[in-house]
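As structure tokens, the structure follows; a few thoughts come after it.
As written, the chains take the letters A, B, C and D, and residue 1 is the first residue of each chain.
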């Protein structure tokens, strides 16, 4: 019952870079990048991992309530994130720190959320990066509606218009909202890419609790293409997402991408995966590490050498340090924030409750 | 955009009886019925249609608030209904009067619902026929859960156990609940048949508002078989449903059947389909009438002659008359019914509100 | 004055809503209409009749049959700058969309610290009295009033329907807009150029001195009839805005009258009446001659239609409450 | 007495719930546990820890990630004779299941005119105070209390948790069962053989003469501390059953004390406090020295955790309300 979903048939997985760092060609996904572009991808991966690890460490120190680590999913996020155009719109879950990085959203915003200073608070328009969405599956519909908005703007079908990408996990494919999004996107031929990071686990539940067949095939049932890509291969993720976005932009409707990857860490810092999974699974996936394979390729092909790697590591370390400092300097919100920005226009009850609470607090000063 | 879903490719439609009444063989769906069994199916179709038309007439006379006619869908309902075993469980929508007939549920129960004497009120266990469900898609999950119950009873996988069938319409395939039911049924390999009557319309919305591809293909996306059957061919509906039920019983999990048919009447008696669809569509479907084709087959093959048809018509008329009389004799519920059977055990607020209201009513007697 | 008269038309409540949407669509290209059967059919109550023909399929959208999908994609369209007006076909079918309304629509503005606005209207025909089957006669307003981040309105007559729906559409906050379906065919002259009473304000629809009756939606008419029938002077207030409540108007009235009765179709238990009663009592404690009384549905699911006349508050039940408050 | 002592064990609230489920599973083969991560992991709060190991995967079911699916299939299993106990992982994730709970679970018994029973329990860890992110700290009980056909319970301590959850599982009606997540680690001796207080009854957890404080779930402890800290004699009642309410116990207390304060974490506006206040006022009108006062969350979405201490009623806010009621 579990076999089919769990086994990757090599034939159905798009891969441009083997775990050993060997470059493959794929007839449907030609990819030509400059040397610098490939090095930049490497830099992204390393920095994103460093920032994530820093966030885990800060959470362990009590600076945040919780942190959902992206460890192991860097390539899926950076590859897809770097495929996006500036005016495209991303709809993330709560784990897309790597995509946030690609969208130039200062990560302190994300750390602020998990510290509890607000529920997100950034401006999605500014970065083409919507707020984190925690209720599983919800954002798939938002993304679809947004894509329908693009269609109504006339920014669509010409190959240069905007597109939308919705991220979600393997667990999210079971939610009604996700499947409704598939219906809508298909029926309206909306310019959207559904990017499913299949990291094999939804907290403690293995993939077999959500599906009996490979997830990318879900799309067939709704009449649009689905494709499985090696989620630990940043080049393949880039190529596959780029093509799906192009397809959306040119009026060919949605694509479902299943990025086959692995959640190397706990679900969040409060989770204990030893309760439900074996370490040999983890060990097997370590051999497919997204950073190691790109580094191997860079070395082997002579695109980068030792000092370059050291330089990137140093930069990542520095960025992590800066992030830590930013977090430690982050002020708590003022009490007034409790009552503000609930409504965009004045609201009598809000005004009343705020006044009453301020009077109550003032009573303690006496 | 609409073409694919709307056009029936003959190759993908299971048909055992042409609209002209010609008997076809299908390699996957051999069906051998006795002459009497075929005549019985004819009788079912005729009676079901007569009862439905009577209900429409009674509604027009103001005896019911509303009636969702099954006109045109008799073969889909009778064919599938007669494929069921006694201890199988049916989960209907609000239009499965023909299936109710097959399950020996006295139709007065259904008429009582639409008259407003109660919300259903029959005992599902008694007839293997669950209550009508009006919220689109809900019952697909109930049916799946019930099938999981069958699995837990051990009544399953041996080819003789119970199975479940969930009915729903083309519109219902867009609901989250229906798709969640597909996930669950597939993941747990539940003994269930999803029977979708694609009658081409969801009130005023044509099929293309729900899907871009034939609906039976939805099942592929969830990892179980989907099949499209001529919904106006009672033999094909019987054969296809029987096979799907057998498959469920023997532990092979769910099947989605799309019965391709047409809603010949209004959505309900309060609807006016002339506002949204052309009469030529209706005319085309008249040529595919489920009763006419079986009658043609019976005549042509010598299984039945004029007097037999007259006898059945007379019986149907008589049954309709009895139903009318039952409805007209149906008492209104007593006021106390307002407060009863809300909870299975005593409930203080219910008791209190009932007492207060009875005292209030008694005040008018003074 | 001449101009005002010129723009007055006698409209049913349904037509007034239609006129409000037509005007909003015409004035603001970002306004969209979405829902099941709202296009070609014009809605099962014909409230959106003719709008698709006039404004096209891109702006008046027949959607797939999925309420969560309707609200979820409306949120996405709002994020792209549109102002979707979503129709939920019947009150009982809003629940598949409840998650999107409560966890997303209501909370998006705060989640973004004000960077995002959510000008989405969720239109819900509500209430009973039309002899319908299950799920077609409910009054779920209390669920939404208890949900912070939403505004909740209920109209009771054609003129209000016309102005209030336009206000809801123009409002940058999400609004759940309740329409009294059994009053869809009630008629009155509607001034198509009047700005209407400001959003959020209750209106004293009948002044009185001895008791205050509070109602909204379909019950306003019932309460006016009861006030008419009662022998003492009864003030009737149409709340219009259910969240926030216009407690200033309510309290001022009760301070004058000293007695208060609240009427809604929704079950009394856990309904909005409790909230209002608690607030009125807190503000008018020393002025109240009797406890605030509530008239409403029973703590049962909405009954089958042959029983609904018992469930629904009617003239007699309101009179009974007036009787009780005066004889307390 | 000896026996009682022998069966008493010091348990956390989480462990008491676990013991209740273990006992129900052992005693009744029809009882099932369902939910996300309830099996191998034992739930994110470990409330179902060890149950799958003991009773197998067929009875303790890790489900796909879909709340509507959980409740919808639980209904189906109940129709087949099972008694599913469903876990909703956090309060804020019950909304995708809202439709199944409100339109199906609550109404099935009536729809069948009593032919069908729905012995389904929906367990919801609720409330704030644990420093969590959005959707993990909500108090949605008022939505369910306003839904006829459901019973709603909230436990506040380990002993009650143990007996109340068993009662809920044994009850042929659907029960929404709220568990105060921030009290999961509170400990007390639990008599594993005591039948517990009958279902539906409130309990006076601290007797007093001058004011009545009503609370449930996590706020009971807070209110007991406040009563302790106050200089006059305050009675504290743990409501335990939120629907139906045990108004007999509540009214008898307020008739004695003449003052009443209601405390819950949920927003005051539209919360259960309004219902209780309206009822108490109606029954105890001439006895009340002050209006019933309510202490609760603000009419805002649950704030980010750095603000939650302001949102949540605490000792000081309860004392403030006592102060106000005594100085009215």
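By definition in this document, contacts are C-beta pairs under 8 Å (C-beta built on N, C-alpha and C of every residue); 3 or more make two chains touch, one makes a residue touch a chain.
Please read these numbers as outputs of a predicted model, since none were measured by experiment.
**Student:** Identify the chains in contact with subunit A as well as subunit C, in label order.
**Tutor:** Expected: B, D.
**Student:** Where are there more C-beta contacts: A-D or B-D?
**Tutor:** Top pair by contacting C-beta pairs is B-D.
**Student:** Need the most distant chain from subunit A, centre defined as the mean of C-alpha atoms.
**Tutor:** The most distant chain relative to subunit A turns out to be B.
**Student:** Measure off the straight-line distance from the CA centroid of subunit A to the CA centroid of subunit B, and report it in whole Å.
**Tutor:** 44
**Student:** Nearest whole angstrom, what separates the Cα centre of subunit C from the Cα centre of subunit D?
**Tutor:** 31
**Student:** Go ahead and note the Å separation of the Cα centroids belonging to subunit A and subunit D.
**Tutor:** Each chain's C-alpha centroid was found; their separation is 36 Å.
**Student:** Averaged over CA atoms, how far is the centre of subunit B from the centre of subunit D? Could you give it in whole Å?
**Tutor:** 40
**Student:** Do you know which subunit C residues sit against two or more other chains?
**Tutor:** In subunit C, 63-64, 66, 68-69, 92, 95-96, 99, 103, 107, 110-111, 134-135, 148-149, 243, 269, 298-301 touch at least two other chains.
**Student:** So which bits of subunit A are touching at least two other chains?
**Tutor:** 118-119, 135, 174-177, 180, 183, 187, 209-210, 342, 349-350
**Student:** Would you pull the subunit B residues touching subunit A in the complex into a rising list?
**Tutor:** It is residues 1, 4, 173-177, 179-180, 183, 186-187, 189, 208-213, 217-224 of subunit B that touch subunit A.
**Student:** Over in the complex, which subunit B residues touch subunit D? Could you list them?
**Tutor:** Contact set of subunit B toward subunit D: 89, 118-126, 130-131, 133, 135, 138, 140-153, 176-177, 180-181, 183-184, 187, 340-345, 347-350.
**Student:** For the complex, give me every residue of subunit D touching subunit C.
**Tutor:** 68, 92, 95-96, 98-99, 102-103, 106-107, 110-111, 134-135, 142-143, 145-149, 243, 266-267, 269-279, 281-282, 285, 290-294, 298-301, 328
**Student:** For the complex, which residues does subunit C have touching subunit A?
**Tutor:** Where subunit C meets subunit A, its residues are 32, 58-59, 63-64, 66, 68-69, 71-82, 96, 99-100, 103-104, 107-117, 148-149, 151, 171-173, 200, 243-248.
**Student:** Contact residues on subunit C for subunit B in the complex?
**Tutor:** Per the stated touch rule, the residues are 36-37, 39-42, 44, 62-66, 68-69, 92-93, 95-96, 131-135, 269, 298-301, 303-308, 310-311, 316-317, 320.
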